[in-house]
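Each of the next two complexes has chain A plus one more chain, namely chain B in the first and chain C in the second.
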Partner chain A sequence: MFRTFLLPRVLQMIPVLLGLSILIFFLSRIMPGDPVRLALGPEATQEQITQYRHELGLDLPLPQQYSQYMKGLLTGHLGHSLRTNRDVSQDLADSFPATLELVLAAMVIAVGVGVPLGVVAGIRKDKWEDQLTRVVALGGIAMPRFWLGILLQLLFASVFHLLPAIGRGDIHPTQITGLYLLDSLLTGDTPAFWSSLKSILLPAITLSLASLAQIMRLTRSNMIEETRRDYILASTAYGVPRLLIVAKYMLKNAFGTTLTTIGLTFGYLLGNAFLVEVVFAWPGMASYGVEAVIGKDFNAVVGVTMVIGVTFLLTNLLVDLIYGWLDPRIKYS
Partner chain B sequence: MSTASRTDLSSVRNEELRRGWTRLKRSPLSIVGLVIVALVVLAAVFAPVLAPYPQDAGPGVHFDRVHKPPSLAHLFGTDDVGRDIFSRSLFGARLSLGLGMIVLAIGMGIGIPLGLIAGYWGRGVATLIMRTADIFLAIPSLVLALAVAAAFKPTLTTTMIAISFSWWPWFTRLVYGEALRIKENQFVESSRGLGASSWRTAYHEILPNLISPIIVKATLDMGFVIMMDASLSFLGLGAQPPTPAWGTMIAEGRQYLPTIWWQATMPGLMILVTVMGFNLLGDGFRDLLDVHADIGEG
Partner chain C sequence: MSDVLLEVQDLNVSFQTFDGEARVLNGVNLSVRRGEAVAIVGESGCGKTVTVKAIMGLLPEGSSRIGSGRIRFKGDDLLGLRSSDWSRIRGHQISMVFQDPMTHLNPVFSVGDQLTDVLLWSGQQRVGLVRWLLGSLQRGKRNEARKRAAEWLQRVRLPDPEGALARYPVELSGGMRQRVLIALGLITEPDLLIADEPGTALDVSIQDQILELLEDLVATQGTSLLFITHNLGVARRISQRIYVMYAGEVVETGSTQEVFDHPRHPYTQGLLASIPKLTGEMGEGIAGRIPNFVAPPPGCRFAPRCPFHTDQCDVQQPPLVEVAPGHQVACTLYEEGASGQ
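Moving on, here comes the complex of A and B:
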């Protein structure tokens, strides 16, 4: 399996990532309004600007800058950030776990709520349960993420004072993985766990809603398709209880198809994290990325984009592997 | 082609359309979508006439009516300098629809020919085109659009370029897949056998069969493009104040939360309704035109 499936897939990723790095690198280097001038402020003399540009290697021809960047990449350096004055790799290492935690939490909600609701809608087709989920799905997909975030903040933070409107909680656990929920569980730190849970709830729900709606609709149509299969008719004729048929056979088959979309969902959540993190002042890689884009911090823009590209491609690879493992009929060729 | 067979073909097409219309009529949600889209288009076209305070689209200041809550005089309330938010939202529809149409025109103008070339000619060209499309699809559209937006000054044109940049590969992929499928049909082979050139075959035999999936995708995408435009302008990378772009208006209103709740929330209603309208209409078209193609996430 490694030689026929995994290796070619990994090799295929290399030209894509290389192409992406070239695309983003050159885009980031044509930024107008000289980022260096912006970083040094209006007081800087022309000499200081020239000097700093030289230090950053910005006076070299573009292809040479790119090859230097790639050399740095091999040693784990992503270039100097104009805003934080650190290497971008350090900034990303600090902010990536927060984004990962948010995206994973949203994924858990999207699958954990979307699949059961989809099953209910599927077996109660055209009944009120089905109609209700249809309305939720319509709204969930068409609602702008940042707007939903603002509404939830108004409702749960300003009106009912139930949950914090912004941030990642007041009590932080000892850092192990950087995922606060996991870390507080590992260290048995109950106050930190509650604080982290309360603060992640609103952003995670905001982020998950559209994906939840999509997963719900997909599970529904898969369940309806399964209902029409011969084996269901046969099992029913044999007198197998309905609940057993749904839970044991239909769900397993319907879930397989849903799983294939999880890779796409992950990418979708990563993209929309850029909006949700800004609304909830979530200290993750996405809000770092938005600041980098606004502040013309060119190395940070390239770094964030590349990390997202790699994460997205790896997730899709992982999903393909799990899918093959769940469904042995799929041949890796 | 003789006149007789052409009449036959058009009567078949009319019959199909009639059946499709019956299907569409039976689905109330598609009608809702159609009505919403019609209303938004009307609002966009006639914004200067329909808006109760058309002069508020610009940078005007009215200190006598700052931050008035929604009422009959001001349906969506007024903003921090006293402008009528409902009037501004109507003008926002103009910007959103205009931008959506331009982005889709650019996306289709680049994406469809490339997909057709890759799908019909295949081989090396296909590899080159599809691998390039893969690069653009390797990161979520919003992130790519952000990276592109970073390279330019934040304006409406920047958003337009940024979204178009990340949109064409979706059309390329759709057309590529469909062209591969259609290519295997006998009528394509006959056309080739009769001595038609590759271009002629691609244009006259393959492209017409692609129109339905493209219409469905374009309608659904209109909603998603409007959403992405709003997202980019919300992040401060699109049209700048005082332009009445929906995303920009929400971003401006955020600083007055939670007391002045209407300034940031009301323009969002317009996005929600518009995007929902295009989604419903797109789904309706899918039934009407009987499209089974994989439209993609958009």
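Moving on, here comes the complex of A and C:
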């Protein structure tokens, strides 16, 4: 299992990451505009600029810059941020857990609600349950995220005063992983848990809705396909109860494609959470990344991209592993 | 007759198709007695599988419609069953061995999982989620079920039955999968086993082993058998009584011996004549093809292909008439007044 299935997939990640780092490094260096001039402001003299460029190593040839960057990467340094004046790795350590927690919460909602609704819609095809979920799905896909976020804020924060409109909550737990929900559970800090849960609910729902709709529709069509399978008919003929057929025999078959989507969605949400982060003033990495692009903070751009890349690959590795368990045919082919 | 297990009377089934309503079964009558092996033969598309699906309540909802008729099993009217009552019938009373071993096993569950689930859950009216989870935790019960599953794999002569429990269908050959399908159909020890052309997807020598196995098990279990096949040789070998179907109608029935020795219906005669002989001649075959079910011939559905076709045949569907004890034929040739040919 380890040697034939896991190891090749882990080894494959190395060239992918190397390629990604080369691509994003050179792209960030040839972006139009001068990041140093931008960082020092309009008052800076030409000398100051040359001086700063030299300090940052930007006067070196590009391949040399890259090799220095890679050396830093191996020791955990992602270079200096022109905007925050800190090491990018520090910035990311602060902001990445917030985004990760938000995306994970959104995924839990998308899968936890999307899959069951898809199952119900699939086995009750063309009945009212199916029609209702269809409307929800269309709405979820059609409505822009930031707009939905603002609506939810208006309703739950301004009108009903149930949930906070912005931020990560007032009470913060002792930092272990940086995921507040997890940390507060690990330390048994109940007030911090409730505060974190209340503040993450609205942004997570906002972020999840489009993916939820997608996962639901996909699960639905897979379940419909499963109802026509010979082996499902056979199980019925053997007298296996309906619920067992649906929840076990059909769902495990139907979940395969959904799982692939889940893996892809995870990476997508990491990079695209910024609108939600902006609306909910969520101190996450996605908004950090967008500010970095606008400010031509090239080291931060490379850092954010690499973190998203690594997370994306790890998620898909996990998906591959679950796949092997889900469908034995994959292991044997 | 009190020993009648299954009785189908005047069954009419139609399907909604793009071209209109296809009347696929037209007044089918058949019965199976306790301990009896009965065969339904006919060419592909003549309604054999639809008949057994109707018996098992497995016709697709929405597109199919049971127009009229009765299906009685041990006094129960199967057509009037609510879906929750089917759990009483399927599995423990009537079960099925399916035709294609490649598509009728669930690819993502091990053989043992599929067998034990049938053992543990078949016949349960409804499974609450909680009961299911609790049930999966009951190790003792599961182990016992696994033991019985292994016994059944032994009985269907699968090599290494213990090891096979952990295997997935993809790891088994076609013949082995067919054996698993037989175990799945028999593990609930049903009173009636419906076998839908088992083994036809396999090569002839394996098919022969499968038939032998099925004959054996049915005999030792005292199970009644309703066997569907397009292969007359197989039908002759396995059954005591036979129903010949054509285009959704039973055209001839009787004891297998009698029907094979004295086939009366032109269709049965044609079928028998179309079997290739060992002398090297190819069979003759029957000209033409199965009629359109949306607009079938007005009288006898076989009339357009029949070598003895008369004007009488197009007037109305001939009823089944008895030509010898227990031997019935639906053909104008044998109606009152007409003399046999």
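Please note the rule applied: the second predicted complex is superposed on the first by the 322 of 333 C-alpha atoms of A that agree within 3 Å, B and C clash if a C-alpha of one lies under 4 Å from a C-alpha of the other, contacts with A are read in each partner's own complex, and residues count from 1 in each chain.
Basically, contacts are C-beta pairs under 8 Å (C-beta built on N, C-alpha and C of every residue); 3 or more make two chains touch, one makes a residue touch a chain.
The structure presented is a predicted model; accordingly, all values stated were derived computationally and were not measured.
J.: Clash or fit: what happens to chain B and chain C when chain A is overlaid?
T.: Overlaying the two complexes on chain A (C-alpha atoms) leaves chain C and chain B fitting together cleanly.
J.: With the two complexes superposed on chain A, say which partner A:161 touches: chain B (first), chain C (second), both, or neither.
T.: neither
J.: Looking at A:249, would you say it contacts chain B, chain C, both, or neither? Reply first, second, both or neither.
T.: Once the two structures are laid over each other on A, A:249 reaches chain C alone.
J.: Of chain B and chain C, which one touches more residues of chain A?
T.: B
J.: According to the stated criteria, A:270 is in contact with first (chain B), second (chain C), both, or neither; which is it?
T.: first
J.: In the superposed arrangement, which partner chain does A:293 touch: chain B (first), chain C (second), both, or neither?
T.: first
J.: Which angle, in steps of 10°, is spanned at chain A by chain B and chain C when each chain is reduced to its C-alpha centre?
T.: An angle of 80 degrees, rounded.
J.: For A:27, select first, second, both or neither according to whether it touches chain B, chain C, the two together, or no partner.
T.: Only chain B is touched by A:27; chain C is not.
J.: With both complexes placed on chain A, how many Å separate the closest C-alpha atoms of chain B and chain C?
T.: Across the overlay, chain B reaches chain C at a minimum of 13 Å between C-alpha atoms.
J.: Residue overlap on chain A between the chain B contact set and the chain C contact set?
T.: Overlap of chain B and chain C footprints on chain A: empty.
J.: Going by the contact rule at the top, pick out the chain A residues touching chain C in the complex.
T.: Those in contact with chain C are residues 229-244, 247-249, 252-253, 326-329, 332.
J.: What residues on chain B touch chain A, complex-wise?
T.: Result: residues 29, 131-132, 134-136, 138-144, 146-153, 223, 227, 230-231, 234-237, 247, 250, 254, 257-258, 261, 264-265, 268, 271-273, 275-276, 279-280, 297 of chain B touch chain A.
J.: Going by the contact rule set out above, which residues of chain C touch chain A in the complex?
T.: Within the complex, chain C touches chain A at residues 56, 58, 83, 86-87, 89-92, 95-96, 98, 100, 103-110, 114, 117-118, 121-129, 132, 168, 170-171, 181, 184-185, 188.
J.: Considering only the defined contacts, which chain A positions touch chain B in the complex?
T.: Chain A residues touching chain B: 15-17, 19-20, 23-24, 27-28, 30-33, 138-139, 141-147, 150-151, 153-154, 157-159, 264, 267-268, 270-272, 274-275, 278, 289-290, 292-294, 296, 298, 301, 304-305, 308-309, 312-313.
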